[in-house]
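Structures for review follow.
One chain, subunit A, links the two complexes that follow: it is found with subunit B in the first and with subunit C in the second.
Moving on to the complex of A and B:
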């Protein structure tokens, strides 16, 4: 293999694939990045057997070939080089990659490319075309609600459902649920449903920043992998095998009180309360009072900790329905308010022991449900 | 009529024909159990059989396992992304994100299979296989799993995801929680005949016939043990040293024996193996005394055995065996190693 490329391109490519490098594995080759020539370009790939990221960068190929080299060594070295042309040449016999850039030279010992796992290809699976802007927002609004502990593997994933021109992403960790709908520009003929690991979707969100053309998504026939195809990047992830709980039954159908507040005011109030709430299991108490003789409606947030003290914060609210007192986890409130992207937020409640529903006002494509905490009276 | 499952030569397994036949039939009928438990003493071929089963499941060739396709080759080298071998970790080992647990030093090293490892398995099996047909998890020496780990594993063992096959190995099913064993299809592997081991050593591992005969007899039908010993001369050297030590001790007086016991007790790690060899020796002495010389294991020292058989009485040989068994039991408990060895050496006949 003999190939030249620019330092900036290689460094960027490595930063894209490096997230999929396995930090510890019984297969040493998983700590390596695959470097291969591919139709006049340079292909970089890494996988931890769960997530595989492949990226193509422009290069001048003089001689085809492939090898794998330790990801850390390669990216640390490349990142310390000046932004100039890098010439790479592989000694096939010793599997040593020689790099030359400006006045720097390096030899990196690699492992034969045949040892590298075969990254699954999707074949002729049905492709779904997604607008990058929409997909990024869906990922942002849903993945944070997925569970991080492994006791129930399906909950570490995001259930993705496609039917005709509708797409739904949902994730839940047992305490909160995030559901986001969107419309497909090109309808699909057969419904598809798959549980994608939240980490894989976050990775798609991370690398799709510059993407302008639609992102193609495809699920293999046997429903074991999902592919996200960007212009020069492909992400393949193993799907999670299992049955996702029926989340539609968790969303309350009715509510006793609907409270509309300004999102940034609520964000500030939550932030202030969480100072005290963090020592009390993040509990903030929310009191909602409808407008009446006492004046306009308001929402009062209180938090108290035995050690640091307590606080009270009031914000104006348009309240429709019964007065209510309910406690939530401050972090969960902050998480959802961060991804709402709407000036006004509606909180629907029906008593202190029923889940609260959070929606953006004038938008019905996003629903977030948070289980209440014990008021502890 | 001969079906494909009748020919099992492609499995490349020496002995255990009944087990291989059963597995091959299950494979041909597409009825592979979701979890197997292979039992038998160390070095009998449990992991070898498990690996062959994994190859048969993942093989992309015509005559599964073909041993030649990329999948079979990768499994043989422990490099298949969907086939994982889980072994216990050293006592007191702390898991971290950067390093892997060290490999097992020797067969008698005590290890623990921990709940963190079971959790990692649970994570892995929730994902579909990467390049193969199945995700196969081979959990070796499951008797080393602590109770927490075993209990955490029950749910996975009962209902593993559809693409998962679990293979457990253990010395004996009775060492596991009954709830573990009952969730697996148990295959109890038996020791091979000495002739099988000897022939396999000569034909497949190209061992010198004389060495092969000795190793086969010493192995007690554990081909894996014999193969490892054939490539690692330190085992035979150690055995020679242990038997020489026994020979020397038997003609020594009390004071010398006490000194010897002190020396032996320093090598704590080697003691189980030493006691094993000495037990084997006295068994052979008893056999010779009873006119069963053909069945002795220490075939390279028949002269020495005959001499001991003549020198000691039957009850002395039995007494020595009893003392050795007791000592090896004490050593697994919390006794002072030096005292145990002193008592043992003083109890040996001859002084």
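Moving on to the complex of A and C:
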């Protein structure tokens, strides 16, 4: 293999595939990145057997070939190079990759590319076309609610449902639920539903920043894998096998109080309370007082820590319904407010031990449910 | 002038075993950790067994050689903690300011207006009559002197060091009786020919300071019987854990998991008893060559449930145990504790 490319392109390509590199695997080749010529371009790929990311970069190919080299060594070296042309040549016998850039030279010891797992690609099966901006927002608004601990594997995934021109993403970690709907520009004929690991979707979100054309998504026939095809990037992930709990049942159908506040004011109040809440299981107490003769409605947030002290913060609120006293995990509130992208937020509650529902005002495509904190003695 | 009581239960584990099985009374008894025929060590020896030279931390096979007639019983922590709690409750009735040092040892500070010696007598009598356990109590003006004094009169001892008598009391005692005077310190002290605490009190302070730094100053003050350290009341535990050494190094997954199971139950019980929930579960593995790894997992909601702790432990074991290597020891710990009564995140009701 003999190939040349630009340092910026290689560095960017490596950062795209890097998250799929297995960090501590018993299989050494999984810690490597595959470098292969592919129809006049250079293909980079990494996989940890659950997630595989492949990326193509522009290159001048003098001689076809492939190898794998330790991902960390390669990226650290490439990132230290000047933004110039890199010439690479593989010594097939020793599987040593020689790199030359400006006045830098390196030889990196690799492992034969035949040992690298074959990354599945999806043929001409049924593809779903997704607008990149919408998909990115869906990913952002839903994946954070997925579980990070593996005790209930299905909850580390995002349930994705496609039917006609409707798409729904939902994730829940047992304490909160995020649901986002959107419309497909190209309707599909067969409904599809799959549980995609939240981590895989987060990768799609991370690498799709420059994407302008629609992103194609496809689920394999046997429903074991999902593929996301971007311009020059492909992400393949195992699907999570299992039954996702029926999340529609936990979205309350009614509420006793609806409170509308300014999103950024609420974000600030939550941030201030977090200072004290973090030593108290992140507990913030929320008191909502409807407007009355005494003036406008308000929402009061308090947090107290036995060690560091306490705080109170007030924000104006438009309250419709009963007064409310409820406690939430401050981090959960901050998480959802961060992804709301709306100037005003509505909080619907029905008592201190019933779930709170958070929505963007004037938007009905996003629903977030948070279970309250139960206050001890 | 402060009044400090130091209470130390006599051969505590052995005494509890005798209490529960009177047939063991007056017999050489060894409470052992681990298997008697394997790698066990002596946890506590009754005074009858101590007469043969058996002492804590001694390998069991050696104890059995010194005292072949000894009765060996396995250690039962949960039983002893219950008795310990009852003892500490009596102590707390006598004084609100109690520092529990370990399961069988505590300090209490008695307010100046009361007669500490009679309070202490009363405590000792109540522990004997209400619980049935013997203890040794010393009363002094500080923690250091009360602790040293207590050790001089065990078992079933009672001693009061009157204010002003501290230095005189300590002076004739061998230097190893002074807390903090370990092997290394004692070797260095031979330069001044220090054999007793009194010798240390007479050693030139400047030279001690030059040799030991601040520690030298502490040694000098301690030798004079001076100590103003306060009682540290009730600090909450940082973690609750159990560990066990296998009889023989093992690669038998079923055996390892069974032991982990039992330990998870134990940790869960202890969490419940202490009123805590754990956010982090830590697995400790020690291989036959003594290399030790600890791996942890953090739960999304804190727990004291045995099943949840067990699930974490097994997951960690399956992920991190190198099956080619036999294990010598496994341990399970509950860390990142929060009080069970504090706020708790409610779960979605599917």
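Basically, the second predicted complex is superposed on the first by the 374 of 377 C-alpha atoms of A that agree within 3 Å, B and C clash if a C-alpha of one lies under 4 Å from a C-alpha of the other, contacts with A are read in each partner's own complex, and residues count from 1 in each chain.
We take it that a contact is a pair of C-beta atoms (placed from the backbone, for glycine too) under 8 Å apart; a residue touches a chain by one contact, two chains touch by 3 or more.
All values derive from a computational prediction rather than experimental measurement.
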Clash-or-fit label for the pair subunit B, subunit C on subunit A: clash
Subunit B versus subunit C as contact partner of A:115, first or second or both or neither: first
Partner chain(s) touched by A:23 [first = subunit B, second = subunit C, both, neither]: first
Contacts of A:223 with subunit B and subunit C, given as first, second, both or neither: first
Contacts of A:362 with subunit B and subunit C, given as first, second, both or neither: neither
Which superposed partner A:254 touches (first subunit B, second subunit C, both, neither): neither
Contacts of A:176 with subunit B and subunit C, given as first, second, both or neither: second
Partner chain in contact with A:241 - subunit B first, subunit C second, else both or neither: first
First, second, both or neither for A:150, with subunit B first and subunit C second: both
Subunit B versus subunit C as contact partner of A:373, first or second or both or neither: second
Superposition clash, subunit C versus subunit B, among 73-81, 91-99, 127-135 or 253-261: 253-261
Subunit C-contacting residues of subunit A that also contact subunit B: 150
Contact set on subunit A toward subunit B in their complex: 23-27, 29, 47, 49-50, 115, 117-118, 120, 150, 153-154, 197, 222-225, 238-242
Residues of subunit B that touch subunit A when the two form their complex: 78-79, 81-82, 84-85, 97-100, 119, 122-123, 125-131, 161-163
Subunit C to subunit A touching residues, read off their complex: 297-301, 308, 311-312, 315, 338-350
Residues of subunit A that touch subunit C when the two form their complex: 147-151, 172-177, 245-246, 249-250, 280-281, 283, 327, 329, 353, 355, 369, 371-377
